[in-house]
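All chains are identified by letter, namely A, B and C, in their written order; residue positions are counted from 1 within each chain.
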Amino acid sequence: MFNAKIRSDTLKEIVSIVSTLVDEAKFNITPDGFNLKAVDPAHVAMIDLDVEKAAFEEFVADETELGIDLDKMKEVLRLAGSGDILEIVQDEDRNRLVMTVGNITRRMNLVDTTGMSDPRVPNLSLPASISVNINEMQRGIKAAESVSDHIALTASKDGFEMYSEGDTDSVSLKLPKDLLATLEIEESVKSLYPLDYFSNMMKAIPSGTIVSINLGSDYPVKIGFELADGKGVVNYLLAPRIESD
Amino acid sequence: MFNAKIRSDTLKEIVSIVSTLVDEAKFNITPDGFNLKAVDPAHVAMIDLDVEKAAFEEFVADETELGIDLDKMKEVLRLAGSGDILEIVQDEDRNRLVMTVGNITRRMNLVDTTGMSDPRVPNLSLPASISVNINEMQRGIKAAESVSDHIALTASKDGFEMYSEGDTDSVSLKLPKDLLATLEIEESVKSLYPLDYFSNMMKAIPSGTIVSINLGSDYPVKIGFELADGKGVVNYLLAPRIESD
Amino acid sequence: MFNAKIRSDTLKEIVSIVSTLVDEAKFNITPDGFNLKAVDPAHVAMIDLDVEKAAFEEFVADETELGIDLDKMKEVLRLAGSGDILEIVQDEDRNRLVMTVGNITRRMNLVDTTGMSDPRVPNLSLPASISVNINEMQRGIKAAESVSDHIALTASKDGFEMYSEGDTDSVSLKLPKDLLATLEIEESVKSLYPLDYFSNMMKAIPSGTIVSINLGSDYPVKIGFELADGKGVVNYLLAPRIESD
C-alpha cells in the first residue's frame, strides 16, 4: 500500500536525479519513506537514494516495491505548476499507479520489478574529501565538454582541480582551498572519469547545493548531497576510466 | 474593393484560429465585415468564422472574395510588434494583396478562389451543452497527448469529462458542474474524437476565452467562442471517430 | 607577445561581427591595438576591422600575429557572464592562446597563419552615402527573406529603399529622408546583393548602432560602423550580384 501527496518541485528534484542513470527504477517503499538503488545500463555509475516520509506532504505506506517508468512521471510533472501538490496512489488490484494533479488523473501500469535486484553499494574508504557549492563546478564542466570526453579530478592539500585535455586544447578549473567548503586530504589523488556521466550527474543537482566529493587514485568517485530540503540523501558512484598509456 | 487597417494582435488571433485547419482560405468580404468557411483537407473538421467591420481600425469594402495564403500573412505578422497597426489593401488590377507594417510593404499574389466553394454548415441539434474557460481544458489535452491519439468527451448532469486511453495508461480530466460556466443536459452523451485535431483547435484559442461545447453521442462536437474582443464569432465542428471495438 | 584583459561583452561583439564571414582569422597585433582583414571563402564579402588598445581593460603587446579559431573563442565566451573580464595571454613557447574566465583556463592551439595573407581593401569612390539606425533595417531584412534570396538597395535624393522580389511576392522597405541620420547623393544608384550575406552582416550589428551605407550602381556596398563604444571601427564590403536579364 502506498498513498502519498508531494510538492511537484520536490518530486521533480528526485526524478531528475534518478533519471540521469536509468529510465525505470524500483522504489523500495517502507512506512518511513523510500530507498532506491540503481546502476546505469553500462554498469559505470550507481545511485543510492534515501527519502524520508517528511519530504512528502502526506505519506501512508506499507512495505512495497513500485517499479516506475520515470518518463511517464516526467510527463505528469510537466502538467504541474511549481506550487502544485501531486497525489500518488498505488492501485494494488490492477498493479497501477494513479497520479492526480488538479482535475487530471493519470493511471499508469507499474513496471515489473522481478528482474530488478538491488545493486550492492561498495564500501569505499577514499583518502580525499572536498565539499563545494555545485555552482562553482557546473561552468567548468561546460567548458570541459568543448575539448574532451573525459575529465581528470585531482585533489591535494592546496585544493581541487578538474582537467580535460583534447587533441589541440585543454581546459582546467582550479578551486583553491579557500573556494571549497571543506577539504580533507590524507594523500594527493587523481582519477580520470567519463565526462558524459559526470556532466549529467552534476547538471542534475539543483543550483546552490553543497556536494561532497570523495576521491582516490584510480578509484570510483563518490558524490553525496542532500535534496528535498534535507529530507533526502543521494550518493552517486562513478567508476574511473583507467588511463592506458 | 477592400481597404482596411487592423491591430496586429487581432489579425494574429484570426489567422491562428483559421490556420489550424487550412493553409489557404477564401475570405468573403462584405461592406460590414467578412465570413470564412473552410473544411480541412481530410474533411474531418470545419470552421465557420464571422468578423465584424468593428474588429478593424478602418474598414472600407465592397462585396469581394480574397483567396489568402495564411503562411504569407503569418510572415507579415511576425514583423509586427504587439501594438502595431497593419494596413491591408486589395490591388484589383494585379490581383494582389498589399500589406503594410511600418515602413515595410509586402505585395502578395492572391490565391485563385475558383475551386474554393463554401462548405455547407450542417444544422445540428445537440442534446448537451457546456461552457468553460479554455484554460481548464488545455492542461488536460496536454496530458491526454502522452497516452493516446483519440479523446472521449462525455457530459452528464454531474459535469464534463475528457478521457483518453492508451495500451498501458489512461488520462482523465474531470470538470464537475461547479467548474463549468454553464451546463445544459437533455441526456448523457459520449463521443470519441481524433486528438490531434481537437488539440490543435483548443490550443489556438486565446487564454481566458470561454468556449461553448455542444455534444451528442457519436455526433460532431461544435465548439463556439468569440474573438477580437467580441467582434468575431468562431464555430468549429469536428467529426466523431466511431469506436470499432 | 600579447597579454590582455577584455570585457566579455566587448569581445562578444567583435567575435560576432568577424564570424559572419570566416571561422578562423588572423589578428594583426600591434602595441596600440589590432587590425583584422578577412575575405569569406566564396570571395563575395570582406571585413576590415580596427580595434584600439583602449577597447581592452588591459593591453600589453608587441607586434605579433595570432591565428584564432573563432568557434573556440565563442565556446569560452559562452562561459562568461555579461560583466565578466576575460584574460587572454599568448603562450609563445607552445604557440597557444590561454584564455581565463573566473577559475577556468582554456588553452587552445593557435591556427597557422602562413597561408592567411591580408586581402587588399579596394579604394572605392561611391556616389551615394546614407546613415541610419540599424534597427530600422533589421525588420526589413527579415521581411525580404520570406520572398527572395537577393535584395536591391537604391538611394536617391528622396531616401533609401531595400527591395526584394520573388516569383509571386515582393517586399520593400522605404526609408524616406527624414528617417535617415544622413543622406548624401551625387546621383541616384541601384545595386543588387545576395541576401544571405547582407542579412548575416546586418543581423550581427548591435541594436541601436548607426551604420553608414555607401553605394554605387552595380558596385560593392560598403557598410561602416563603430563597435566597442567607439574604440573599434568596422568596414564590411559586399560584392554586387549583376542582374543577368
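Simple rule for what comes next: a contact is a pair of C-beta atoms (placed from the backbone, for glycine too) under 8 Å apart; a residue touches a chain by one contact, two chains touch by 3 or more.
Nothing here was measured: the structure is a model prediction, and the numbers come from that model.
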| item | value |
| --- | --- |
| Interface numbering overlap (same over half, different under half) for subunit A and subunit B | different |
| Magnitude of the superposing rotation for subunit A and subunit C (Cα, nearest 5°) | 120 |
| CA centroid of subunit A to CA centroid of subunit B, Å | 45 |
| Per-residue overlap in subunit B, given as positions that touch at least 2 other chains | none |
| In the complex with subunit B, residue positions of subunit A that touch it | 72, 75-76, 78-79, 102-109 |
| Residues on subunit B engaged by subunit A in the complex (per definition of touch) | 136, 139-140, 142-143, 146-147, 168-175, 179 |
